[in-house]
Each structure stands twice: as structure tokens, then as C-alpha cells.
């Protein structure tokens, strides 16, 4: 039941329909960061659809999606896999204590030419 | 003032084109999709056969709602009939509205031969609308009704 | 006053289970004009029909109301029964108490009440019915086939063999269509040319067939049995009747850099050309976009070398007008343009080709003489990646692709993969698929052979990106079953582009007033029961113009289509639908509004002399309906302000009587 | 031709060249860019979740300010462009988001996506015209083989951004041609550079930007041009030692107009 | 102007261009001039009139007249010319049998409105810039603002252009004028349905089915009206209930939709003063808004908005959802 609620929440956040997926795998064929990821775009779609969300929440893959939107762009069925990944990521980092990145970590990561944009985007993606 | 009729049930006339909507109604029947018995269907070859006179006549004789169903625009069996019907009905509805007749007493819906479900849903929702609007008082001919 | 008989059908328990049929028959029996009323278990059965017939005779019925299933089901049955005992069939009306009553209502009282009301409406209508007699029109015993591909050729041959004349109109210089470009055919792998070209020759030699190649349909008028068609014979700048097809001109033409359509631009042809060796008619054509003589007035080489003086630079398009009884649409298909799918780098690398281009690269008469060479550097490819479903099965709202399955790609891709592996066993062949769809005789066996016997790598997944780099095509794709991303350095990538109807189909459909679906495929009169006819009478469908299909299916549909055409042409006269519009000349204003809304051009005007009440005569303009052309939609009747225009079978009076009966 | 200009945070700091030459070249081409007063950071990435309302507010504030000033809003940074344009689209089309954002911000007139958001490249293409630019080029970049690097943010999602064909874009190539350079088309030009993963996983940008660079180089590119400071950062890191120079498009424009 | 018209008519009769003249004939009173045909110079001198009360649209009479032998001279005001042009579009008149002299019209007076000002016994009326000057039997002279006593149709004149003619009496043609003829319709649209219903009940219930509107309407030219025809299923010579008045007027408006030139005759002749033009104008306004601007009779037109369509037309449901038509 609880899992079902989580699934509904994720589907709402994602605002996309996993049932449209025809399992062609083009999203995962197009994904530029596939090899770094444990779960891949098509698996996010399918696992959210099946309510199999726990493994996704635990996976590093959440932080490896670059939101480059090629999966959205090239999907023949307009499934928008990136939205599912984002929704699961939000479900994770919105929980207390699940921030991936803290301000304390930043000074060590700054280089001479690190653009502000990198810090802002990373915070948006990894922290709530 | 007339006393509100407790036993009132809406009377609805549906004009259905032979090729799409009448077939859609048949399909609703074949699939046993319920809609209220208040709906009575009149078969016409095409929605463009529906003369505004027919609709006014139905109201005159005591109908509470009239719905015209035809093929979806672009799918008319006669290629363009429903496009003409669309303009005529738009203008007629506008005139009825202008004369102060309640919005919603008339409707046009495009139902294909494959849309039995849609036909039943349309009729259900139309009956609901008419039920909430209540008896047609503004267009009826009382002389006809009391017969 | 009519003498009406009412017949209430039980339809077993289908109606009687919910409707009190006895009560319906009893109640309707008291309606004015009803002289006989009864119920019966199965009115459509032989004995049920006999009951109707006997009653018509016994009670001298002038009208019949059947309370039964939908008129779409058995109206004809009962009309025929009535006609068999001398009652005009149009005196029969049906009250639909099954689909509209018993099947949708559960409560017996409500259902019975509604059945009675519908029965009353039908009785009210019959009171105003009049006997109708269908008109007859003669049939022009010649057929037009639009499109000279395998579908058109087969239909034409079958019609011609039944003894009717057929004209084929083909827009390109030769008949043969897409099949002529194909190398081998699945699943038997016989060569397309070997089975197609004999049919092309047969078509050209069949006495009853006349081929208008390099021609297009400009205008269609008329109706079933009586079409008049204007055909534009485009200027070839070569006299077709003189040209022997020797080909000398095509060798001597100095303009050598014209992309060859037949080879899909993979090779060049001359400005004067014969598309391929077995072209029918084998006649040269000058391409005015490239011919130096036509463009600048200087050259004339072809004219000089032509031994029979067939070249005519002054030739103009010519319009021929012909009459036909039936028209067959066989306009076929095209592969979609893949420019919206540039992730596959089609525009970036010549080594990314479409499947039809691959056919040409494999073909012995193709640009490489049948040796498989990469278009970029003419070397032998060692790794080939096939991508299925490029532009097929897309989201309905997609702006890039089509929502349907193109049906033939799975099989031709299996064929390409198999042939490639057979000819060049050193080549690695990958096929990326979503599903392999092989319903068809010997189809799945064929596909399995490609995998099991020829070792084609079938990968469940999709290519996501092709990156041309250093002479290779870096293919990035998913392998869903292994859950990994593949990176293949390929030499060629072959795209199974979705198919779509030929561009000429839509304007043609408008000319024919034939309907199309949202994908521009022609719609059938009935998707299951009348699949080779268009809803427009006299227009028939053959081949891919109706939907994706392979060659065997196309040929069977083509022959089925021919059978339907023959069935029409064999008739001397056509019996029309008598439920047509008619104009009361006494009331007609002659205002032309009905003519403006008639989709069939069935209404004409004539000046008629009328005697006025004051004994003078006046000439008035009045409408006349051609009953053979009118299809009975009724658009005119509502446009007519005076009510002069009315529709037989659905007259203003009849419909209003039904309204009254329902609203009583 | 007058527009409101939204520079974004990086352009005020690490991507000063992008900003500086945007202003200078615009002026030279007769385009007036007025900086949006009191603009706020867009947030760097578009908040993709439907129920992400707070993260969209800053973009909407900028959009409202532009609407109230009655001018189109021009961005230069690809990320800002992506975020602001997508949020604007939400406000125009998504009832759920529009209602909540308006309820939160309580603007005088509810915002419904009225502002038109343009990227400077769009202004150059559609308002100024590349032909007009070609005429103003003083020092054409003749002979320079330059690969356009679009990345993700300018192109996707194409339905919302409507910037160019997402798989076969031509805007920067046409721009380069107008400057007299020779554009190099290569497949990886619309693939990701590694983006924000750079913050914790060096490996990702290394691989991604590396693939972009090698593909561009293999196809003959000697330079790359971009509109995104983060792409610039990731690419530059990998470009070290390859001899491939990476610049902002505004720098090239300034060079060709000889106002660098 | 009357003298010039008579003079020109005489010339045209004399040189054989025409053999009769369609115009207006003096009545018992100054204000009841009626359309009439004149066959000679003498008849013209005796009865031809043109003044502030000759408002009648003569175009409809030309249907019958052009069925007769010979050619007729017709003086057409701008609004008459629109009606005539529309009748040409419908093949109802024979253009070759009419010689048209276009005459300007600067607005006609409504006798009712003059009476309401307490003026009776009018002996003459003259037009002056912006005013009518009226002399009465009591030797009074009243100067009235034209606008105050205009007929409805003139108050909301759509055009001063004569769209079909052989010659123009003044040698000059007018042009379309800006007008606010849809304002009254919009006002009704802005009411609530109940208010509208009450309004129209009040108006239409006064109808006595005298058929004056139908008889005068240049678009109501049917050989036989559906309401007179037993075969139409609608035959109804006199209204028995308020509904039938509704029905008659809705159907009449529908039958002339797309063809009505908004000449305003229906309201002018209605003895019960029902603003019938508001029904026709409603259709004209709807058609303009939904299907693009259209003016019947303006030019040669094959189709009008009701006999044409676009595949992307609005659905009928738009009536219930669009703004402006009351809440």
C-alpha cells in the first residue's frame, strides 16, 4: 500500500504515462551516460510502472542521469523517461537527511574556472 | 404557475446519421452499454438532413432535449454533410440561446460507428444535463402537451 | 389510409427477455391504420418471413412495420420478402427494439414502453411512405486503374482477361512501381524482376489493356458506371509511337549528371533516359529540368542520333478524356523521408541508407552491379547494422513518424540480413528490433532461418545514436535482454523507414470524393466485409493505398478488387438507391443554394415554362436532381427555404411524423 | 530593435566574455539590450517535476517583470534560456503549475506565459537576419573550421524550446557561415557534455566531452563554439592538449565584426 | 431630387430604353407612399414621389416585373441595390430587363417617431443638412434633428454604396459607412438567459402573424412559403400559441440567414413594432464572428456562410462556452 502511494506520487511528479512505453529501448540506446548507470532509462519507466521503486531509490543511478533529454526527444512514443528518473530522484532527496550535496562540500570542489552555473545546477539536482 | 411534475422524466430525441452514429448506437446495444430509455433515436441519412424545423418541432411537441449525432468531421459518408450540419446547428443553437432558451438543451456530438462506448456515454451525460435543466417550458407548445 | 401490418420479433430471448412482445403487438394493433399485429419468435427466419408475406397477402397490407433488430441488420431481408409478394419494398419500416431497447434496458416495463413508442414512430412514418422505384443507369464497360505498380498491373490483367477494357494511368515513365526496384522477394527469395517483368510485358501485350505511362489524372467527374476522367499525358519530348527503345540517345546524351530516381540517387543517368532495361513502355523520356536543349536551346544530340526521328522538343502536355464504369485506386506507397531521424546520421554519412536503397545496392542491375559496396568509398562493408521501425509505431501525436506498423519491414530486413550473410559470410550483421512481426505463411520460419542458419545477430533493443567518425559509423544501441549498451563500429547502417501512402493519393481522393484516414490511407467501404471497395460507389482499392501490405497480400487484394470491378462492369444497368432527393418544380425558387451544397454535383438547373394562375405563362429556373448521381444525403433539403427539395424515404413529413409520434 | 536582456549569474562572473561580447555585438548590429532590473538566478536547471513549484518562482518573477515592461526577454546562456523558456511554457500551458505559482506570487495580473523568451541566436537569426550580419562582417573568419557544439540545453525538449531541429540543427552552422567560417558538422554536436555530474564524478564529463571533442576533431573541426558556460567548462578541460580551441559564439561574432 | 428623377425617367421612356418605371407613388397622406409602376410621363407627373418617407425597398417587386416583357426602369437606393444584387445571386431577377438608376439616400424618416414628438398633419417635409423641416396643416414649421426620427434601418445604415446600377443619378457613388448595428444584439447577448427570454416573449407574443415581414422581405421570395404549404408538415397560417410565433420567426430568420442584406424592412413594416431585424442581425453577427466577415448582396457570391464550410469550423458547443452571451 505504502509502495503504491509512493508510485502514485512519483507518477504525479513525473506527469507522464509509463503505459505508453512499447519497450523498444531507444531511450537506453540513446542515453549518453548509460554505462555509468546501474538502472537505465527504460528500467526506470518499467520499474515505476510495476511499483518496483525501492531498488531505484537506493541506486546511484539517480544522480547519474544528466537530464540531457535525449531519451525524451528520441522516444517514439513520447514516454519521457527523464521525467520518471527525476520523479524518483525527487522522491529520494525530498526525504529528510537525503541531501546528496551539502554547502560544506563545496569549497573543496571549486576550481579557478568553475562556473556558478555548475554549483547552482548541482544543488538543484542533488539537494532539497 | 404549473405544479412541478413529480413523475417527470426527460424526453430526448436523438437524430443519428445512418452511417456512423446510428451504427455507433447499434454497437452500444451490441455491447449492452446502458443509457436511459428517455432517449429515442430517429434515423436520418446524414446529420445534414436534420432540418432546424425538426428540432423546433420536437421541442414544440414536448421534447426536453434534442441531440444531433453525426460522423466525425472529415469522416462523413457523404464527404461534407456534417460540415454543413455543424454550421447550421451552431447558428440554430446560437439563436435558441439568444432567445433565452437554457444552454445545453441542444447538443451536437460526433460519434463514429466504432464508438459504441462514446454513444452510451454521450447519451448518459446528455440525459444528466437535461435532467438538471428540468422540464422544457420555454419552447413547448402547451396546447400540444396537454393533449 | 394505409393498411399496416405490425410484426414484433422476439429474437429468441434477445428481445422477448426484456420486452413484453405480446403487449407491444397488442398495443400497436390499436394504432390507426394498423389492421394486423402479431409477434413471432424469429421474424428473420424463413417461417418468420413467410408469416410477413402471408399476412401481406391475407390482409392486403400496404405498409409493414417490423419491430426487431437494427435496420442495418435486416432491413433488406424484409424489404426483399415484401417485394416477393408484390409489396413495394420501401413500404417496409423497421423499429429497432433490440439494439436500442432490449439490449440496453433491463427493466421490462420501461423497455416495453420504449418499444411501443419506437413502433408508433415507425407506424407514423409508414403512413407517409410512398412506393419507390429505383432508377437505372447504364454502365460504361471500361475500367480505369490509377497506378501501374504490381497492384495496378494485377488488377488490370484480371479485369482485361474477363473481357473488359482497362486503362492504366501511371505517373512515371514506366509501369512496374516499387516492386521493380526490389531485388529479391521474401520468403521465397525469388528475384522480383523475374516475376514482375513478365507481368509488365503481359500487360503491354494484353489487347484489352491500354497503358498511359507518364500520365496523371487531372479531373474526375460522374458517378458509378459513368465516370468521365481527364488524363494528362505529360510531355516526354519523345514520340511514344515512334521510339523503339533502342537506347542510343541515352548513351549519347552529354548531360550525364542527373540523379537516377530508379536507383534512388545512388547513381546518375542522362537527361534523356529509360528508367530501366525492362521498362514498359520501353520509350525514352527527356527530363526537362536537365536537358540542355530544352533549357538553353543548344544541343540536340539525341535528336541527331535518333534513327526514327522520335525526338520532339516542342511536345506539350496532352489531355485525353475517357469514360469509365469503374475506377481502381492503386497509387501505392513511398518510404518516409528520414530527415526527422537524424540521430541515425542519414544526412551526415552516405553509408547510412534506407532499406529501399539497400535493395538497389544488392541488385544485380543496381548502381554497384550487385556487389555490396559502401556508397562512401566503394569498399566492402564488414559490419552492417539494421535498424527496424524507423518512423513506424510512433506516438499518435508524433510529428516525426507514423502511428502504425509498416508491416513489411520485419520481413524485408530479415531478407536483407540473410542475403547479406549468404553472399558475404565475413560480414557481421546486427538487426535491432522492438518486436519481430512475422505473421504469414513461411514468414516466421524465414526469420528463424536468418537467425539460426545464417547467424544474423538479432538484438532486442534500439539504436539511439549513430556517430560517423574516421570512416566508421559508431553505433550506440541498447540490448535490452543483456541489459547493456552496445557500441558497434559499423560500416553501414540500414534504416527500415516507415512506409506512407504516395503523395498523389490525397489530391486524388478529393477528385474521387473517396474518404481517407488520418494517415492518408484510403478507407474501405467496410474494414472487414468490403475491404477492396471505397465507400464511394464505383471506386475500388488495390494495394498499399489502402494500408501497408506485402506483395502476396497486394496481389490477392488486386485480384479481389478486379473481381469486384468485373462484377460491376458485367452489369448492363445499375439499379440505384431510390432514396434520393427530388425537387418540386412548382415550389422551386431556382436560387441555386441546393446546387452549392450538393457534394456530388447531382443538381442542375433548367428553364421551364409555367402557366400562371392568371393564365399567362412564365419561364422559371428550377432545380432538377439526377437520381443516378444523388446519394441521398439530404444536404440540399435543409438548404432549400421553400421546402421544394425533399428526400424520398426520409421526407420532411416523415421525419416530422416520427418526431410527433415520439413526443406524443 | 529593443529587448530586455537576462544575463544570468555565470555571465556576471566566470563567463564574462559571453556577456560582454553579447552586449557589444548587439549594439553594433543595432539591437538594444536593456538589462532586466533586479533579475534573479534561474536556478541553473529546469525543475522537471510537476510539483516543483518553489524552484520555478524565480524564473516566473523574471518573466513577470518582462511582461510588465512589455518587451521580449533575451537570454544568452543556454541554461538560462532552457530554464526560463520551459517555465514560461508551463505557465502558458499547465493549469496545475500556473495556478499554484500565481497563488504563491500573487502578481497584480496573474501570469499566463505572455512573455516571449528568445535566445540571442534566435534574435540574430529571426530578427536581425544572418544575411544582415554577413554584410556587417569586417574580418571574416575565412578558412576557420569550426564545429558548432549545441549540447542539450539549446535544443531539448524541442517541442517546448522550438529552437531548431533537435537532431539536425542548422542555426549555429548558418551563423558560422555568415561570419565567413567553415562549419564542421559532426554527430556528437547535440550530445551531452557531462553537465553537472562534473561536481562529483570527473569521469562523466571526461567521457562525454571527450567523445564530443574527438568526434568533432575527426570530422575536421579545429575549433568549437558554444553558448553554455558549463559546456565551456567541461569541454575546455578535455580540450587541453588536443589543440582544439573552444569559444563562445559571441566572441566569434565580435571578432568578425572587429570589435573584440 | 424628385424632379430630377421624373425628368430622367421621362427621357428614358421617351428614348425607348424602358417601357415603364418602378418608383414610389403618392398615397393619401404624405407619409404613405407605396412602390408602384408608372407607364407614362403623365402618370409620373401625377403620382411619382420621392421624399423622406419613400423608404420601401423596391427590389422585391422586380422579381415579377422582370418576368414580364420589356425593360423597366428602377430607382434603387443603396440598401435596395444590395437586395437586388442578392436576388441576382439567387437568379431571381433578370438583370437585362432592368435599367437601374442609382439614387443616394441620406436616411428616411419614421412617421411614428415624428408623431411621438407631437407633430401631426404634415403637409411637407424637406431635407436639410442634419435636419428635417416639417410644415403642418396648422402652418407650423418644425425643425427636427434627422437622427432623432430616422427609421431603425437608416439609423444603423451599413452602406451608402450602390452595388449595382446602369447610371447614378448624382454621378457619384457612396461608400460603406461605419455603423454600430450590432450593438443592440450585443446588448441582448450580455443579458442573462432569463432576461433574454422575457425580452423576446414580450416582443414575439405581440406577433399577429399578419405576414407583413414575410411579404416585404426581399429574401422571402419563395414561390410558396413552407408555412403555407400543407406538404411541408409545417403548415401554419396563423399562430395559435406563443411557441408558434417563436417557431415562425426562428425559421424565417434561418431561411434568410446568409442571404439577408440587413435592409431592415421587416422591422419597418411590422405593425406591432417587433424588432425583427434583431433576429437577422444576430445571425449576421454570428456568421461574421465565426466564419469571417460577410455581407450578402455586396458582390457576386456563389455561396454564403450557411452553404459553405471550413474543415476547422468551430463546433456547435462553442455557443455554450464562448464569452459575451450572458452568464
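For clarity, chains are labelled A, B, C, D and E in written order, and residue numbers in each chain start from 1.
Going forward, contacts are C-beta pairs under 8 Å (C-beta built on N, C-alpha and C of every residue); 3 or more make two chains touch, one makes a residue touch a chain.
Since the structure is predicted, the reported quantities are computational estimates derived from the model, not experimental observations.
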| item | value |
| --- | --- |
| Chains in simultaneous contact with chain A and chain B | C |
| Chain whose average C-alpha position is farthest from chain C's own | E |
| Pair of chains joined by more contacts [C-beta pairs], C-D or C-E | C-E |
| Chain separated most widely from chain B, comparing mean CA positions | D |
| Identifier of the chain whose CA centre is least distant from the whole-structure CA centre | C |
| Chain centre separation (chain D, chain E; CA means) in Å | 63 |
| Where chain B and chain C are represented by their mean Cα positions, the distance between them in whole Å | 33 |
| Inter-centroid spacing, chain D versus chain B (mean Cα positions, whole Å) | 55 |
| Approximate Å spacing (C-alpha centroids) for the pair chain B, chain E | 36 |
| Junction residues of chain E, two or more chains touched | 226, 233-234, 306-307 |
| Numbers and ranges of chain B residues touching at least 2 other chains | 52-53, 57, 80, 84, 88 |
| In chain A, residues with contacts to at least two other chains | 70 |
| Pairwise chain contacts under the document criterion | A-C, A-D, B-C, B-E, C-D, C-E |
| For the chain D and chain C complex, residues of the former touching the latter | 165, 167-168, 185-188, 191, 211, 214-215, 218-219 |
| List of chain B residues in touch with chain E within their complex | 52-53, 56-57, 59-60, 73-74, 80, 83-84, 86-104, 106-108, 138-143 |
| Partner chain B, residues of chain C touching it in the complex | 70-73, 96, 98-101, 103-106, 110-111, 113-114, 117-118, 121, 513, 515, 535, 579, 597, 599-600, 631-635, 637-639, 647, 650, 652, 655-656, 658-660, 662-664 |
| List of chain C residues in touch with chain A within their complex | 343, 389, 393-395, 397-398, 400-401, 432, 434, 460-465, 476-480, 483, 485 |
| Of all residues in chain E, those that touch chain C in their complex | 67, 90-92, 221-226, 229, 231-234, 255-256, 302-303, 306-308 |
